[in-house]
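Next up, some structures in structure tokens.
One chain, chain A, appears in both complexes that follow, with chain B as partner in the first and chain C in the second.
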Partner chain A sequence: MPSLLLRPHATLSHAEALQVAQQAPEFLRKNPASYSASPFFSLFSPPESSNTWTIYENLLLACLRTGDNTTAHQCLERLVVRFGASDERVTALQGLVKEAEATNDSELEKVLKEYEEILAKDNTNVPISKRRIALLRAMGKTSESIEALVQFLDFSSTDAEAWMELADLYLSQGLYAQAIYAQEEALIIAPNAWNLHARLGEVLLMAAESGNEGNPQNYLAQSLKRFCRSIELSDDYLRGYYGLKRVTDKLLDANSKEKKSAESDEFTLPETSTIEKLNQAATKKLGDIVRKYDAKDPLWQGYDAGEVAAARTYLSESSQKVVR
Partner chain B sequence: MAQLPAQTLHRDPQLFYWILIPITVVMVLTGVLRHYASVLMTTTPKKADIKAIREQRALAHGASLRTNYHVLSRKAFETRRDFLIEGFESGAYLKAPNQKGQPPANPMSDPNAMEGMMGMMKNNMAMMIPNTLIMSWINAFFSGYAIMKLPFPITIKFKSMLQAGVMTKDMDPRWMSSISWYFLCIFGLQFVYVFLLGSDNAASQIAQQMQQQQMPVGPMAPGQDPHKMFKAEAENLAVIEHYSVLDGIEERLLERIKV
Partner chain C sequence: MLVPCRASTKLHLTFSPAPSQSPASSHQQPRSNTMAWLSRPLTVIGLVILAHGCYSAHEHTVLSSTSVQHPTSPSATSLPLDIYIETIAATLLICLGLVLGSGTPEPIQWHTWAGKIEREGDSTSGDADKELRSNPFNALEARSGFINISKLRSDFVKYQQLGK
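After this line comes the complex of A and B, so read on.
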């Protein structure tokens, strides 16, 4: 795993983000404020690599997250010095800093206006388009945000990140069919991403549980398959096993109550015995993961604490049910 | 047969100071100069407009559906396929939908393509002009001497290359003339440039020649009719026989975890 400073910022937990932000002043002190293009000076200053700038960006985000706005401004300043204020990515970061410093809605509106002005001049500016969508979402204007995102995806239909965001937005609105569609689009772009498979499984499961559209049996069947695929791609994926257990529990429950509903043109459920076996396997694996995580086994510490806790609770709940 | 006595030539050490070192220094400096000249001459790539991006990405979207259709269920795949095929065939994704039947414009009259060609011309010029100049400079001033002896034996075939300008029939091919030192510099200074200018410098000619050989042929090569490409893609999509990785995955997975 790369060092904390280089990891994509969104994957960091709060504690890790704080840790990163605390390294910022030191990093700023160690690195020169600007890099000279002349070969003579480059002999005497520390080498500049693309990693340096990734770190600056991550530090900027971490500082904003922890409320250290002065350091964030210093990071931003260096990025501006290096890449120029008109660089697309730098403008997006500048906007981000303004968003973070805005204290009320009217200031956010102002930032939004600025984004729209930039987009009016250049409608292919991807980072700014994305910021605008994110800002709209943050301001609670979900439907506008969805609209903007759909427009964005119309011209850039190979952007998995955007499809995922769209899926998330639709999901927040309870539009499961649309969310599933967007999620599938993301999968087409990244067919072997086990986390996307598991996520789609989760969305399908939610759709089945809400039960107000489509055929829940259908959703469950596909959800089961998605979780299976996710585990097939990544052996010890906690979310995959967790979902598999949930969906098999649900299927077994439903099976005992009512027999299989009518066959459909979509996926069909496997035999009940297979589902049972899958359920047992998932329970066993989840138990293993939780046990090894709790025993501080050094090779099993990569899991998110919250996810392990959820698995633990769910396991104890379901075992109680069995006892009863 | 008697061993030939090793040839010894008495050279003026001044040859070394006044030929070898100047040629090397000049070569390094031209490389650095060329790098900065090409940095100055590069024009920022022109931004594609939104329609062109849309056209390109739509085609890429079709291609990714064609390669990764197996992650979808049959129904999901078929909806997407029908939608894309319809869009592709009607020309909804084209940059200029109303010119779809027309032959592609002549690349010479297209200002965008012209700019690309100008850029290539400039690069070529930046490479050729200094080379010709230096070579004629070396030929004019330093031809006719052997300046150093290579520390390893080489075959007679190299004679014409290494001793260009030295018309001595029997001289050991290990002796080399200034012009061959120049060639050695062309090929051997790459690492010096990397050290001085960073790894993506424009100083070394070898790297540039390599680049030109493997010029990326983008999905939208100029002079190709995008509508035809869309049609071809639609056809490719239409003939896909769908299967899904999700078919029978439960059994597959069970077998795997059991083992």
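After this line comes the complex of A and C, so read on.
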């Protein structure tokens, strides 16, 4: 199952990570310990592709996660042999192994010191900077982590991953306006990423529901736009339709309660009839997706089981409301 | 359906006649199968006709250069019209056969392609080595550069204890 090996590790569930880690010894056995640069030897050795090294990295992460430290070290050793110990990415992976093996806070502090030493020499070392930020966050120093990440984005402002991390950090602190800003920056870099549009829609919806700052109606209007864009970019996107249904339900609910229009801001809500149409379309599509997934249609099995279950629950809840 | 989205996407050009709706994707398979069956004979017949056209052209040139008294006159050296027609028809036939025999094209519209990824995931694809069949932007939400390994580790231990 090479596709599982190539998926970014953090998207895997625990069971999948275990599956990947179990493939590690076999993969290590099948592939040579080092690749020769000479064209003569490359005739006899298996081909080396960029995927090989992505797989090594993913195996390393999976082994660390499942606690198989010896295999993890073997993977790391191969990476070191291939790219050299001074390679930025490999250094970050070495740090990662140390982080994983650290048992208490003082050991983590030591790893953090090492990162800072490397950064003192070269403060634009991207992988190490990211590790430092992640480690600060893991140690619970969220504000320091945000500060470091903002500094990081000063010199590497086209890093969508970092903007997303910043958005997540702000969101964990309940700073919705900042999170939305960071998320929008990420969308400027990856404007076609339909999952980022849906994510921004979700954050906006959360901001509207919290109701602490800004105009909730305004947030809802923006959120509606984002969900619409995400399903425009991707047909049958469960997450986009789910969010669209949620936000239109909320808007229709608010409209029926109070007939107060919110055209004071730059975002004006669409007509109620349009919102109703969107709601109906989302309901229909969600129903379709849930039905096809449950019917084990082979062309519709790519959805996450948890997401489908959530959609099913929400659909049944909203249909009960309609009956009442 | 969403009216504005539909209208804007009509502007793009597409090879694939399959829209995202379910009935189309289910009856697509048999159609391409019958076409594949037709394509092999069509290509073979086209090749035979093309070979015949080439042979005729060759024979005609040889004959005209030896038997005709005035080989420099343009009417004698030019090929008869039926050989031209035969060659062109054979070429078109081969093209048709090859096009019909090629498999269902991959979607080239962004939203169709993305929808396919969302619907099918990477479980159904046989040749996963060739290309990664999952949302390429998932990496932005997973953020492997910022992975929190110690938390993942402790979560995994909990997960295993739950399993037992």
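Please note the rule applied: the second predicted complex is superposed on the first by the 319 of 324 C-alpha atoms of A that agree within 3 Å, B and C clash if a C-alpha of one lies under 4 Å from a C-alpha of the other, contacts with A are read in each partner's own complex, and residues count from 1 in each chain.
Going forward, contacts are C-beta pairs under 8 Å (C-beta built on N, C-alpha and C of every residue); 3 or more make two chains touch, one makes a residue touch a chain.
None of these values were measured; they are calculated from a predicted model.
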- Message: For A:D154, using the defined touch cut-off, is the partner it touches chain B, chain C, both, or neither? Pick first, second, both or neither.
- Response: first
- Should A:Q222 be classified as contacting the first partner (chain B), the second (chain C), both, or neither? first
- Task: Scan A:P191 for contacts with chain B and chain C and give back first, second, both or neither.
- Result: first
- Query: Does the superposition put A:R78 against chain B (first), chain C (second), both, or neither?
  - Reply: neither
- Task: Could you look at A:E232 and tell me whether it touches chain B, chain C, both or neither (first, second, both, neither)?
- Result: both
- If you stack the two complexes on chain A, which partner ends up touching A:K250: first (chain B), second (chain C), both, or neither? neither
- Task: For A:L6, select first, second, both or neither according to whether it touches chain B, chain C, the two together, or no partner.
- Result: second
- Chain touching more of chain A, residue-wise (chain B, chain C): C
- Message: Just checking: does A:R132 make contact with chain B only, chain C only, both, or neither of them? Give me first, second, both or neither.
- Response: neither
- Query: Which partner does A:L278 reach: the first (chain B), the second (chain C), both, or neither?
  - Reply: both
- Message: With the touch criterion stated at the top, can you tell me which chain A residues are shared between the chain B interface and the chain C interface?
- Response: 228, 231-232, 278, 281
- Touching residues (chain side chain B, partner chain A) in the complex: 32, 47-51, 53-54, 57-58, 60-61, 64-65, 68-76, 80, 196-198, 245-246, 249-254, 256-257
- Task: Would you mind writing out the residues of chain A in touch with chain B in their complex?
- Result: 39, 42, 122-124, 154-158, 181, 184, 187-189, 191, 197, 222, 224-226, 228-229, 231-232, 265-267, 270, 274-275, 277-278, 281, 285
- Query: Hey, which residues of chain C end up touching chain A in the complex?
  - Reply: 1-2, 5, 8-9, 20, 22, 25-26, 110-112, 114-125, 128-129, 132-135, 137-153, 155-157, 159
- Message: Residue numbers of chain A touching chain C in their complex, please.
- Response: 1-3, 6-11, 14, 17-18, 51, 61, 64-67, 92, 96, 99-100, 102, 108, 127, 130-131, 133-134, 137-138, 160-162, 164-165, 168, 186, 190, 192-196, 199, 228, 231-238, 278, 281, 288, 292, 297-303
